[in-house]
Structure formats: structure tokens, C-alpha cells
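Got some structures for you, see below.
Next, two complexes with chain A in common: one pairs it with chain B, the other with chain C.
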Partner chain A sequence: MTASLQIGRLLRSTTSDCVIGCRASELNVPVFGGMVRIPLADGTQIYGLIHNIQIEDDGLIRQLITSDNVSEDVLLDNRNNRNVPVEIGVIFVGYAQNGRISHLLPPRPPLSLDEIFTCMPPEVIAFTGSGRFGYLRHILRAEDLPQAELLAAHIQQAGQMHHAHGSPGWVEAVTRELVTLLRDDYDRLMSVLSAIGDVNLS
Partner chain B sequence: MPVNYLQVQGQILDKCQQARQNQQVYRQRLEQALKLLERFAGELDTLRAVVENARMADSTLRCAVPLNEELNTARDAPVMGEMPLLLAADGSQVNPNRHDAVEFAVINTGLFRIQPGTAHTPREETQTQLYLLEDLHNPDAPLTEEVVALRRDLTERRLLAERAAAESARPLITLTDGPLELFREPRDNPQYDQLLRDYLNILQKTNRHGVVSAGYVDKPRSDLVVRLLELAGEQNSAAQETARRRPLAGVLDRVIFARLLGAGQRSAVFAIQSGMAERFADYDPALQPCFFYLNVSAGSSEPYLARVEIPLQTAQNSDLLDALHAALLQQCRQMGSKPYPYALHRAHEIALISRLEKEQIETMIARAMRAMGLEVEDKSFKQYHKENR
Partner chain C sequence: MTYNPENAPEKPLGYVVGGSLKDSLSVRLTVPPQEVKEGSFVVIESGDWRFYGTVTDLQLGSTNPRFADEQSENRLPPQVARLLHGQTLFTNLQVLPALMQEVGPDPASPEYDHWRSQHPDDSGLQPQPVKTVPAHHALVRGARAEDVANIFGEPSPRNFVIGYTREQNLPIPLDLEKFVQRSSGIFGATGTGKSFLTRLLLAGLIEYNKAATLVFDMHNEYAYDDIASDTKEVVPGLKTRFPGRVRVVGLGAGASIRGQSPDFTLTLAESDILPEDIEMLTRELNLRETTPATLEALWQSFGRNWFSEFKKMRNGAMEEDPETGKKVPAADSVAFWANHAGVNVMAAEGLHQKLTRLFNKPYIVPNPPQDSLAEIIKLLVDKDQNKHVILSFGDHETDLDYLLVTNLITRRIREEWEKRTNAYRSHPQNNPEPRPLVVVIEEAHKLLNREMAAQTAFAAIAREMRKYYVTLLIVDQRPSQIYDEVMSQLGTRVSAWLGDEADISAVLSGLAGRDALRGMLARLQPKEEALLLGWGVSLPIVVRSRRYDLRFFEELRGAQPPSRSADDAIRELFG
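Showing the complex of A and B:
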């Protein structure tokens, strides 16, 4: 198993979500729907899902796009040197303390400049396989997020890991739980099921 | 109270009205300047003699002197197989302010190294120099805003020279924003003389390493060539009288060359005749400041002229001149619709000291002073109220 990768550091946070900054050159690792963890000083691990990746601009970037041909050296300069971070939005879905996983919100948010790591398959499997999908309610409560797409991306990634580790029924179980949670909201349920229908586990 | 826009509006209309009346005179002068340029285009010996005579009569004379290209020269951009390595530096400063809690000055110099057209990430570097306590209150060398600006110019060139010395690639171009000539005041004290000597020494070393020193002046307001044309057109008048009358006053060099230079073309190279240029040449004739105009606009867009200052040694080396010409155009092209050398913009961006950074430095100084038992004053009440709005 390869070690989890640091993808950036925390810019700002609340009890339910946070924004991470990373350099454009490091953007090949974090993916939409990907699960991340933020270790706190007391050993607590906060878990979250990436729901937004935003590429910031500034005056120079806006000027450079008027050039007929942006040369390779200028491209590398802007991606590696300039202080224009990529902002990654993360919604918290739970935490682990003393080895015990909880699908409640973390006791306190992480602090500025805390490191953020990608979750490795065993971590994703342990978190998503523990309890009864309680973490889904954090996503379903955040109405300003692209919920259906976020859930589909998460289910695709976590489903592949469960499938590879001998739990082929995980996708069906999480879908059934979503149907239960959204049974009183037909429109949202149809939107989520439609997105999940596009999930490809192969 | 806000600005009295009503009063401002009236003044704007008055000034515009006056400028419109002067337009006719200006157009006549511009046409006259263009005619003189064509008439004397190839008479380089005559023009040099005219300037020499005028210089003898007027020691404050400031104008262009032709080198060996005709006045109406328009040189196309050279085709370079490989772009030269470029080092650009720019400085930013915090001037001493007696209203602050702690009086200090900072010069922050940004250096940007780029090998255009390659897949190498450019390198950036900053050097920060703090002036504090005893540095500010030396009665023989007070650190005024002008001295800070002069030291900033010097630091830019010193950093470029140091980094250039470590590079083996040639041609190598070092670039700063603004002229190579120095205009800072006061010019009549030992501190200024010493800083000028240091500056010239650095330029000389850079020259001797075969490295190009260039100063890029964006939107230049100079009229050095126009002043030369005035002298040429009034050869029967005394030079001082011509300088006083200014028969072509208001016409700028860049307006003339905008008519002559196509996209990417450069003008002839001229030397500068001025008291400061003479000090450069006295120190080392190879440092005589020279310049050319460059139309950095692309394709069919409106001409946009920059003035580029170089030492005589570069002006006399066509390979180095071509390399500089090509490199500046390549850099300007990177900035699309608003051409300006990318490397210089980046050096400026790196060097810039934000208000937050200034406050951070002030806090660091105050903390250190208190820790050593030194007294730290409060900021002035005037400053307090300004910041408390």
C-alpha cells in the first residue's frame, strides 16, 4: 500500500466544512468526491469529501489569456511559483478518535495550515463500512452542494474499493439507505438515483 | 466632505478647451519634427557636430546623439533560434515615516530568472534590506526618500550583477524597469557620489562579463530626439536660446517613432547627451548611456512605444543588440493585449511590499526593541486618526 499523499493545507474552516489551498502543480491528486483526512494535534482524524475544486485567477492570469501563445516557461511559472492557490472545498462527514469511527461532526474544526491527506482504500473502507451510513446526512443536509453528483462520485470511488476488497454489496446497501433517507423527497431521490445510475464500477 | 465635483468639472472643461486650442500648434510642430527627421536622417556627422557645439555653449544640454544608424532607421525583429537567458530585477521600498511607532526603511528586491521558450520553471528570489535606528539618523548621510530610491536602484543592479556572474550562458540579459541613467537627488553630496560610483562600478563589472544591462521605460515621455532636431533645425541660433524657446515643445519622441516603426521594429540607437551621461562616460566610456525606441505592439494593433536604455558597449555589438531586441519582444508578447516584459512584471510582483507585510515588520522591530529594553514610541496621533477612519 502506498502512503497517503498530502494535498494541501487548510485555509479556513467551520464545524461542518473547510477550504484547503494547494498549488496548481499539485492538482493531479485531489478529485471531486474524493475522501480526505485531516489529522489534529490530539490524534483525532477528521474525514471529509471534496465537493468543490476552484481555480482562482488574478489580474496577470486574465492578462496572459489575451496572449496568442502562452509559452511553456510562463505556464510553469504560474503553476509552480505564483501565489494563486487552488481552493478545494471539503465537507466534513465524521472523525476517528482512539481508533473509533464516528459519523458525527468533529468536536472542533481543524486549524489554519493543518495538513490534508488523501485517504487510502483501507481508510475509506473502514469509514464507509462502519455504522449505518450516518455520514450521508451531512451531505443531504448541505443543499448548496451538487448532492447527486457528489454522492455518485463518492459511491463510484468507495464502491470500487469495497468491490476490490470483497464487499460487492456495499453499493447496493448505500443506495438502499439513500432511498430510505430521501423517501419523502421524490425530486431529490430521482436526481440522486439518476446520478448513481451512471456509476461505473468496472 | 467629498471632492467638489462641480468645481472639478469646470476646471476639466477649461483645461480641455485650452488643449484643443493648442492642438493646431502641436500638429504643426509634429509635422515639422517629422520633416526635420527625414531631412537630417543621414547627416550623422553634421548632427554630431551640432550637438558638440551646443554642448560647449550649454553644459546643461540634454538631447540625443546619433551613433551610426540613420535617424529614420526601422529595424525588424531579428529571428533567434534560441532566446537568451533573462534576469529581471525590481525593487520596492518602505520609506521612513516619523509618524509611525518605529521609524524604519525597507528595500525589497525581487529577482526573476527565466529561460524563455524552454520547459524550465523560472526561478524567483527576494532580498530584503532593513534600515533602522542608527541607519536613519547619520547626519552625514541622512536616509531620505531620495536616498532610499537611489539605494533601491543600486540594489537591483547589484543583485543582477551577482547572479549574472554565476551564469555561464551567453548572451545574458539583465533587465530593470526605468532608465539606466540616474535622476535621483540630491546630486551634490558625498553620499550620492559614493552611491553613484558603486552603481557605475556594478554596471562596469556587468559589461566586462559580456552581460547586457538594459533599462526598460514604458510609455516614455522623453524628447531627446526632438531636442536634437530642434538643434539641427536652428543651427543659426545659439544653443541656449534654442533650449529656451523650444520650437518643437510638446512633441514627444514616442509620437514621432510611432509613425516610423512597424510592429516589433526598433529605431536607430542614439547616445544620450546629458550631465549625468557624461559622468557615466567619464567613469568608463563603454558605459555611455544609449537608447532606442521599440514598438512592442503586435500585428495590426496601434503602435506602442517603449524606450530601452543600454550602455554603449551593447549598442556597438549588433549580436547583443539583436538578442535584446528579440528577447524584449518575446517577453512583451507573453502579456497579450498589454505588452510589457513578463519577466519585469514578475520581478515587480515578487518585490512588492504589502501594507500587511510592512505592519508585520513594524511589529517584529517593536518586539525586538522592547525585549532589549529600548524605548518604543507610539505612532503619532495624526497617524492614528488617519488609520482609524
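Showing the complex of A and C:
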């Protein structure tokens, strides 16, 4: 990966999260827990984490599934030309304005059809390494998300980047911060930590 | 926070998280608990103030009991478990603050000049008893050498090093000047090094030489070289090491102490013994309630010669009345005197019989060749001679000997020092200030128990003789048996390990923070560790006591500051 890849366009959004639509054929790029950015017209970059990828059905698929066999052509046609997009849920974790990274929510949400890009390692490192992990607040507040899994996926991806770029202590620091934030909630902390325990950085 | 620039700031032990002045401070430990021990001397840096205290307890805690209950290290990878435990499981120190001191801001900081202008000299910046608490999150560190020197003083002949801190091996001195100003005590169960501590202190006192010492050496331990019961090493005797300053007095003519002859012997004149000396022996001699009346009658009949006159009487002697031919008490019999003095015959005969034990004591003689009691007092009084006296009991090691002789001497001492002090107070220009005297009593509970305390001179000394320049150094293994009125008067207390709860309470009686100190005393090492408390030490501290051996005397003589040697290191490593 040499440059940010566009993964889709905005379907709908609020100040704290958004849903992106993309074609099924483009689905090889976004990953669960991956970090994305949404450039706004004024130059602000909104950062978010992918917490959900949802593939809706349509009437044709219902019919195809009940048919005896689905030919390769039909399969490809359905994947490339279907008119219901894959929906990608993104939770906002911060923004950058004039080169300054903030872990607060963006001042306003992006607009429909704004383009969404994957983040490159330097961007991930700059965002996750700035401040004192304030962006974890947004994940821990959203109780309907699979927090433990999301955090583990995020730590796995960002941790590898930090590791490769000379700050191997990042995973330890973020884990310590999570323990601090969650130590009054035994159940949640233990599920987060056991998910982090499954992270493999090698 | 003010750090001495010469010392790189070391890692703090933790930070204050709570507590109160009344109980103690809670400190969250940020280093492994093994690095801090109960009894450690710690310093709390709180803004412009520095607090000094003692660790009295360590407690395991957790933010949520479930973190402590469940062994999460089995569920989580080691590094994650370590991070979890680092924040949810912790150790709290209980620190008993004792002193506080204003140290001002960092000399390099801009506030320093303003602060200095308000505090032009260092008066008022001395450590003072703690009256407030440090702030939350104030950092706590182990005491450094300069803190120890600041609080306990630099080692010197006056500041006698009695031991070393357990962690950093820093010398802890005892202020001998203060030590002798009030009565003090050395306690410890048998075999915990009590008599070594006593020897150490006596050597320090004799070397410093500001006060005379009189040791009642019941078991003949202190004067001449001895063999340690456990290590079988030679224990230097005080007479051996201070031949010019120490006079050994043996009890009874021809006494020999560990095969050596004493400098002179003590024999008591029969006229030295007063009725109250006998009354004090009531329990020891199993005397009856009628005794005081009989003694009073004896005193009335014979005055100071009562003892020899009574001794001469024959108990039960009868003779035939030439006129009537009846058997009547002989003229030199006890009954004859009793009848004439109007005393119950049975009571007098009973007393006579019980006093036989005293009549037979070889060290009580009608006319001693010299007044050795006066000789002892002369040695102790004379400032120019600088002598110290060890009274060895030789073969007379029974409680009866000990009680009688110590009380007799102490009574004389009390009279003498009261006389001299009053003379000095009335005419300071004509009379010299009396030489302070420390009377060392072994097995003190025999003399200072609840029943005896009122009758012996010792209780009075402990209570009020401070004004007359006489103090006691009590050495005992059962402090709970000592009358609490005496215990509460003790200034400095040095205690080795004690097991009995009552003994521990007795040693701590009258001290602030005794609940916190109780555990420290109970968990001292059974050997070579002692807790220093009270007037002569600025704050309670546990020390590893100094070795009493030949090297100790070399250091004492050379006045070199005692330092850590290879032997110490080996001993620490291998026990």
C-alpha cells in the first residue's frame, strides 16, 4: 500500500458515527477495526474506526439462494453490479484540523457522498500516538459495539504499525490506559483484556 | 520537591493516598514490597515541608476484590496480567509520621529567594513533632544518609551509634546526653541480645564519660571477658577494655569474679542495715504482718545497732530462775527482749528465725575493715577520677542478696546526691554540680514490681531523681512485671524482641502511636535487632544492633565513623 485507498462514500452520519456504502467488489480493502479518514471540504480530516461491515440482501439474492445452482457468471454479476451497497459502520474517534490532532468528536459530521479513505501507517501512528489515548473514550462509551473485539482488532493493527516504526511500547501503554479506564468494571475489563491477550503482534 | 543536587533523585517508594495524624498515613507503594520493610525510616516530601516517619505496616489491597480473588494470570498472557496487576493490585504502607521540618522550595527555583528572605537563618527550621499531614500524592522515599544524620545526628562520642538501619545500613546514633537525663530501659526476651545491647550502651557511656555508671551485675557478666553462649566467641569485658575507668567491686570479702579478683570488695556493716531494708524483703523472706511492729521495737531498743543486737540474741534460750526454779527465757534470748520491749514473743522469735538467712550472710559483718559503701560513692561522685563501678555479686546470686544490697546502696546514693544537689542549688559558687549518675539494674522487675516499687529507692529515683542527677537504666526481660508508674517515666526505651503481649504493651506504655508500634516490636528478628523509642531518639526506629566485639572497641577508640565492612556484607548475605 503506497497511498490511501478510497473505500466508499458516505451514506449517513451523525456527530459520533457514520455509515459508508461501498461496492461488494471493493470489500477486500476495509477491515474490522481498521482506521479510516474522511476529508471535509475545509481541510478537516475526520478519523474513525470500522466497527461493523454489513451486507444487505436484495430480492434477487433471495431468489438466487433458493435456486439449484448459481453459475459463476451470475455470482460475479451479482457481486459487481448489485445495486444494494455494502454498509460499513464507522465510529468517529477524532479529527485533525490544520495539522493538529484532536481526540474529541469532529465539529460537524461529513456530508453524504463524501469520500472515505483508509489510513496509512504514518497517519495511524500520528493519531494513536498523540495525546494520552483520549480516543478510547468514544469506543468505551458505545456500549452496543463489540468493544473488546474492536479494541483488540485496533490494537493488533495499530500495534503492528507502532512496532514496525520504532515504538514497541505502544501496546503496553494502551493496555495500561484501558486498565485504568476500566478497572472499576471487572467484567468489561476482563473481556477487553482477554481479547487483547489474543492479539498477536509477530 | 527539594532534592540534594549531589544525589540523583532516587526512585520514590510511593505516594501518600490517605491517612490521618491520629492513626497513620497510607502510602501506595510503587516498588516491589520486598524493597520496604516494617520499621524502615522514610521521608515524605510535601511541598516546602518534609515529614519523617516509620513504616509500621504493609497491607495488600485491590481496587476491586475480584481482582484479588481470581488468579487472572492463569487467564491472561503474562504481560497483560502484569499490566492488570500493576494497577489493580497494590501494596499500601502504613507510615507513622513522627517529625516534620520546613525545608523551603528548591534553591534553584524562583520562589526560593522570597522564601529565604522570610527565613533569614535556619532557626525554626529544625525538625519538630508532627502537627499536620502531608498532601495527597506527596512522594515517599527511603531515608538517605543525610536524613538520618539530620534527624539522629552525626555519629560522635555523644551521638553513640547503637545500630544500623536494616535497609541501607546507615548508622543510627543515640544521644547519650539526653539518654542519661531521664531513666531509660533495655528490654527483650531472654536470648535476644539484651545484655549485648546493655554492654554496648555502657561502653558508649563510659567512653563518653559525662555520667558515672553504677552497674549491679547480678550475673557477673559485665566486668571481665566472657564467652558468648551462642557463638562461643570472647565477649570483651568492660573492665578489660576500660581498665583505668572501671572499678570492679566484688560482694563479700575474698570474692572472686570469673576467677579474677575485683579491685576491692564490698562488705556491709551491720549498722548499715535499717528496718526498712528488712521490710522490703517481706516477700523474699516470707515475713509476717507483725514484722514492722517488731522491727520498730528493735529500733527503739537498740537504734542503729539493732541488727547486731538482734543477731546476738539466742532464739529460744531458757534458763532456770534461781529463785523459783522455773524455766524462764534467758537474759540474752529473743523472748526476754520481747517481753521487756512489749512485743509478741512468737512474732519476735519468728522474725529472728527468718532473719537467720541474713545473719549468716558473710558480706554482712559487725565491723568492716573499711567503709566500702562510702568508697563506692566516692568513686562515683568524684568528677576528676572519672570512675565507673561494676558491682559483681560473685557467688551471692540469690534474689535476697540482690534485693538487699542494691537497695542499701541505692538508698545511700539517693541521700548523697540529694545532699549534693541541694548544696549546689543553694550555693552554686561553693559547691560543684553533682556528677550525673546512671544506676544500671538487671532483672529490674525484682526490684520494681508493683509490691516492691513503693518500698525500694528505685521507684523514687525513676520518678523524681532526675532533678538530683540520678537516673536508672533498667534491664529486664519481663517489662510487664515492672510497676507501670515506673515504666511510664522511662525516657528512652531500647527493646529487642518480645513475645508476650503484656510485655509489649508495657514497653510502649505512654508513647504516641503505640498501636502502630506494637506489631513492629512483635516482629523484630529474635536476635540483633532492636526498636529504639522515646526521648533519646527522635523517632521510633528499628535497628540492626551493632556488634559488640573487638572491632567495636577499635572504632570507639579511633572515633572513626563506623562503616560497613566486608564482614557485615557477608553476614547480610548469608545470615
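Things to note:
We take it that the second predicted complex is superposed on the first by the 201 of 202 C-alpha atoms of A that agree within 3 Å, B and C clash if a C-alpha of one lies under 4 Å from a C-alpha of the other, contacts with A are read in each partner's own complex, and residues count from 1 in each chain.
Criterion: a contact is a pair of C-beta atoms (placed from the backbone, for glycine too) under 8 Å apart; a residue touches a chain by one contact, two chains touch by 3 or more.
Keep in mind that this is a model prediction, so the values were computed, not measured.
When both complexes are superposed on chain A, chain B and chain C end up sitting side by side without clashing. In the superposition on chain A, A:Tyr186 contacts chain C only, with no contact to chain B.
By the touch criterion defined above, A:Glu72 lies against chain B but remains apart from chain C after alignment on the C-alpha atoms of chain A. Look at A:Leu64: by the touch rule set out above, it reaches chain B but stays clear of chain C.
In the superposition on chain A, the chain among chain B and chain C reaching more residues of chain A is B. In the superposed model, A:Asn80 lies in contact with chain B only, and not with chain C. Once both structures are overlaid on their shared chain A, chain B and chain C have a minimum Cα-Cα separation of 47 Å. Common to the chain B and chain C interfaces on chain A is no residue. Taken in their complex, chain A has these residues touching chain B: 60, 63-74, 76-77, 80-82. For chain C in complex with chain A, the residues that touch the partner chain are 63-64, 66-67, 72, 75-77, 79-80, 83-84, 86-88.
Those residues of chain B lying in contact with chain A across their complex are 114-122, 124, 298, 330, 333-338, 342, 345-346, 349.
In the complex of the two chains, the chain A residues touching chain C come out as 172, 175-176, 179-180, 183-184, 186, 189-190, 193-194, 196-197.
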